[in-house]
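Worksheet for the structure shown next.
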Amino acid sequence: MTTRFGLLGAGRIGKVHAKAVTGDAQAQLVAVADAIAPAAEAIAAQYGCEVRSIEAIEAADDIDAVVICTPTDTHADLIERFVRAGKAVFCEKPIDLDLARVKACLAVVRAEKGVLMVGFNRRFDPHFRAVKAEIDKGTIGAVEMVTITSRDPGLPHLDYLPRSGGIFRDMTIHDFDMARFLLGEEVATVTATASVLVDPKVAELGDFDSVNVILTTASGKQAVITNSRRATYGYDQRIEVHGSLGAVAAENQRPVSIEVATAQGYTRPPLHDFFMTRYTEAYAGEIASFIKALATGTAPSPSGEDGLAGLLLAEAALKSVAEGRTVKVAELA
Amino acid sequence: MTTRFGLLGAGRIGKVHAKAVTGDAQAQLVAVADAIAPAAEAIAAQYGCEVRSIEAIEAADDIDAVVICTPTDTHADLIERFVRAGKAVFCEKPIDLDLARVKACLAVVRAEKGVLMVGFNRRFDPHFRAVKAEIDKGTIGAVEMVTITSRDPGLPHLDYLPRSGGIFRDMTIHDFDMARFLLGEEVATVTATASVLVDPKVAELGDFDSVNVILTTASGKQAVITNSRRATYGYDQRIEVHGSLGAVAAENQRPVSIEVATAQGYTRPPLHDFFMTRYTEAYAGEIASFIKALATGTAPSPSGEDGLAGLLLAEAALKSVAEGRTVKVAELA
Amino acid sequence: MTTRFGLLGAGRIGKVHAKAVTGDAQAQLVAVADAIAPAAEAIAAQYGCEVRSIEAIEAADDIDAVVICTPTDTHADLIERFVRAGKAVFCEKPIDLDLARVKACLAVVRAEKGVLMVGFNRRFDPHFRAVKAEIDKGTIGAVEMVTITSRDPGLPHLDYLPRSGGIFRDMTIHDFDMARFLLGEEVATVTATASVLVDPKVAELGDFDSVNVILTTASGKQAVITNSRRATYGYDQRIEVHGSLGAVAAENQRPVSIEVATAQGYTRPPLHDFFMTRYTEAYAGEIASFIKALATGTAPSPSGEDGLAGLLLAEAALKSVAEGRTVKVAELA
Amino acid sequence: MTTRFGLLGAGRIGKVHAKAVTGDAQAQLVAVADAIAPAAEAIAAQYGCEVRSIEAIEAADDIDAVVICTPTDTHADLIERFVRAGKAVFCEKPIDLDLARVKACLAVVRAEKGVLMVGFNRRFDPHFRAVKAEIDKGTIGAVEMVTITSRDPGLPHLDYLPRSGGIFRDMTIHDFDMARFLLGEEVATVTATASVLVDPKVAELGDFDSVNVILTTASGKQAVITNSRRATYGYDQRIEVHGSLGAVAAENQRPVSIEVATAQGYTRPPLHDFFMTRYTEAYAGEIASFIKALATGTAPSPSGEDGLAGLLLAEAALKSVAEGRTVKVAELA
């Protein structure tokens, strides 16, 4: 079975997904839509597909599934439209920045018995998957502590920040999802600290650039997330899980693995400087997983509920910072 | 100038300090005291010093300084006695497990204009010192985040735990001191989570075996401490400091640096399995630093106040766990 | 300008090159030929190109360049035919296992002013390129010693060995080329030792499975190559260059970068187990370089002469082993 | 039983051995001799032993063993004198730079049934010992290839070089011994290349500063030794052994294990810059091994014959370079 795809959004991420879809022998890219015509046309030319309107894709008989890579504030609407149109939906994270809107959207998905996968791509990074595989094999025994270090090479453009939803909803959300993925048990409490150390303009926007979060589960497992919006040495993305029988860690990635030795010491190059080069394999992997789920009729994962759970933890972290206390997730759900 | 030493306590740590004192060309070990005569005699025989009573050492004209390695509950009394006797005092941590007792003891030291150094040996680990040196050189710019991972190979004997003061006062206190050492700014708030994952008997004792702590300073710097009482892979002792211009990390230490490659992968040996082998150089370094301070007439560091500050953070962490909130250090001081 | 390609050979390597050609925006795969029709048809179907005979590709007006991935014993003939037909030629190594045949072939290429690139793909491995880039930047000063470790996961099929040309022509030849690439000066002498340690059947075939080679240049630079046909831990491919100001090394590559810590130690997974996964990027890189050379009218590199030079060093190594002495390359040229 | 020691030579290495002897609970340093009186007196003062003449030590009833750390050209004479005097002898390498002299000396030792240990300290480096232990445990199966990289931080003083015996006898000899230690089979052939790349003055002295040597055994095992007299990045001392079931490697050592990450990359400090800091534990270990052998009445190892075997390989390497061919060790024995 070949899954026939429509692509909504031909921007940076749209191109990545176009490549992933066309590179998969079980998928076919039928059409692409974008408000900016030349962007859509470029993808159409490169991959031999059509340019269509969103409405045309919605109505199309020759399209089984869509990949939504449009701006965040259109996600929830498009998910609802396309599950109603009977298409399977892969949507970039987040579903929405507003908790109520996400819940409403997921209610529609459920009502329509729609198929929805949310783009938490990091679950598909081969290194992180290998960490998960070791946990699942029992190598480290019972999971006790998860440590996630996640630092960006630099602040996003300051005009993006106001519509980012803030660091917890924009950046930490990936780590919330990863913590949930690795803990193997739902998060019960969230405790966070946050400050502005990178750029005082971030404070003017009411946001933070340096945060730490501790998550706990009912059985006492703990996860620590450390975020900074700026690391001169590159895109710092490490995961470590400590358990009763051992630990497993995924190391940082760099474009080339060389080491230069001089009188000043032994130097390896900086890390990747961009999430799209760091997570190249993860982007391809998530689309492959979506295609496979559709082919086998299984529920794609991470689900819309996973998207909601991540956002809930972001809300709880904000509340924790505001109130200087540990917040129970149940307070918000 | 040669500093003439009396050693109080001939146990495990006493032996370590005896070796450090005798190995220093500027020091001489004159006498050793211990309630268990054979222990004192063994040190006396090996290093050619006398066995004396504590009282005799207190009264001795030929002794300038003492190293206190007796049980914890005698520390504060002995510090007071020996500063009153005009001896310089190096005391193993902690001064006492009780905050009020520590404050009273330090009041005596101040009143007597006594010289007191507290044995936070990790400040003298060559790797951690090198981390500090890079910070001081400005290599990483302004310190923003300190991450300290500290895991013991295994639980201490369960009969030790009740008199340990609990994990925060017994184990985390080293990390509190290290965080203070590296942050370069006093800690303003403490937020902690704690659970029992290693052994349910720890819970019966009202203690924890798995904790995370976030410290913040007035300017928004943050430090994260992760502790577990059990790591199958050895004595896990890592430090990482992230700053505006970069980061610096001290790696774990193992007895031998080999790597075995087989069809199962590339394996390096486990870490040190004992704090005394892990911190061999640190123990020697702290005594050398004490001797040097005495020789040059400078104040030895870490001081009694550093000992107090560490204990204060332990108290704050306990309060944070109990009340589920961020605790201001000022609440306790 | 788009270069239009014909692919000769639809086997394992043919598929790799088909992907590289179609993935390059400046290239188009027009036709594929293979004696085994289904192999050619599969590539044609996947990439939307035609199946043609070798003769038809030779005569085609719509093809500018060919990639030769047919069996080794056809390489020299095909190179001659296609340069005579005015096509640019990329040929998998080796041109031929016989020195005289290679020289005759290159004479035809020169006479026809043909364009020929030989597939020493490792020059395009990003890690090895980064090593070369550091040398070229002057980071390590004058190159003095090159150390190349190259071990296969396991012996090739024993029925392949008799037509492999022997370990020096089949396996070490890659390292000879890499040594030439990195030394920056022609090799003057070759000294080799060789034995059979992996499988006695290799000795029955008159071949070796474990060899060491030292190369020297006129100015005294030295390169050491270590080869084994079997490494349980994976495809061991390391390069290290020592110079007057420092050294630079390319580390081994593994599919995932995780580390598992248990009571038995810290274990990272084995290396890649196959040259095609180890050198994925190198295969794509060499074709991209060929396309770029054609587009810019520069001579592609490595050239036919590089192919000849590598073979010459293999001959010299064989002679060195046979005669138990250092062989001057000039003796064979 | 306590072994009572005389120390011959109070220079740099003498001090190291004095510390090792006095630090061993089963040994006692009774006397030290040195032509330079203040050197001997300093050691006597520090460790509470006597200064005596060589003759007095030779005649002493209260001395069981001597450690010879005098200049190389006195070693053979002193070994003969002291075995004749019935003392057990530990002698720094080499016994002598002249093969005939070494053989004559060992004949005396045999005739006198003397006890002689030669100071190839690297066998006692804990990392290299751990490599050997893995081989002995069978972890890597049958040893096939040994790779030893040994580079000095810089050239010795040029006035030392003429009496050093040349690079093979002075520097490579350690690696010859290590190769013998690890191969587990005697070396049958030696093939070497040598050049002057570091300093042309080395060539004026008829010596080399950059060499590579391949050793083979009767069964076809091979060892490669790479030496340079100058490495800007420190004292480069690596060992790697490849076998039928895997490989084991000892990594380089540095004084502190930190890593600094900046926009320029991840940098670890240079290696040790001096053999005495790199091999601190090895020096202590070899003396401890000597003391233990005496205490248990076993033959100390490495023996005088090991000293001879190393020198023989150095001679063979010189001959190989001079004649441009593989030299059989049997030609020289």
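As written, the chain order gives the labels A, B, C and D, with residue 1 at the start of each chain.
Here is the rule we go by: a contact is a pair of C-beta atoms (placed from the backbone, for glycine too) under 8 Å apart; a residue touches a chain by one contact, two chains touch by 3 or more.
Small disclaimer: the values here were computed from a predicted structure and weren't measured.
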Both-way neighbours, i.e. chains that touch chain C and touch chain B: A, D
Chain pair with the higher count of C-beta pairs in contact (A-B, A-D): A-B
Chain at maximum distance from chain D, centres defined as averaged CA atoms: A
Centroid distance [mean C-alpha coordinates] between chain B and chain A, Å: 42
Chain centre separation in whole Å, for chain D relative to chain A (CA means): 57
Residues within chain C bordering two or more other chains: 231-233, 245-247, 261-263, 269
Chain D-facing residues of chain C, complex: 142, 144-145, 147, 149, 151, 189, 191, 193, 195-198, 210, 212, 214, 216, 220-222, 224, 226, 228, 230-233, 242, 244-247, 324-326
Touch list for chain D against partner chain A, complex: 231-233, 261-270
Residue ranges of chain D in contact with chain B within the complex: 25, 46, 48, 126-127, 129-131, 134, 139-140, 245-251, 253, 255-263, 269
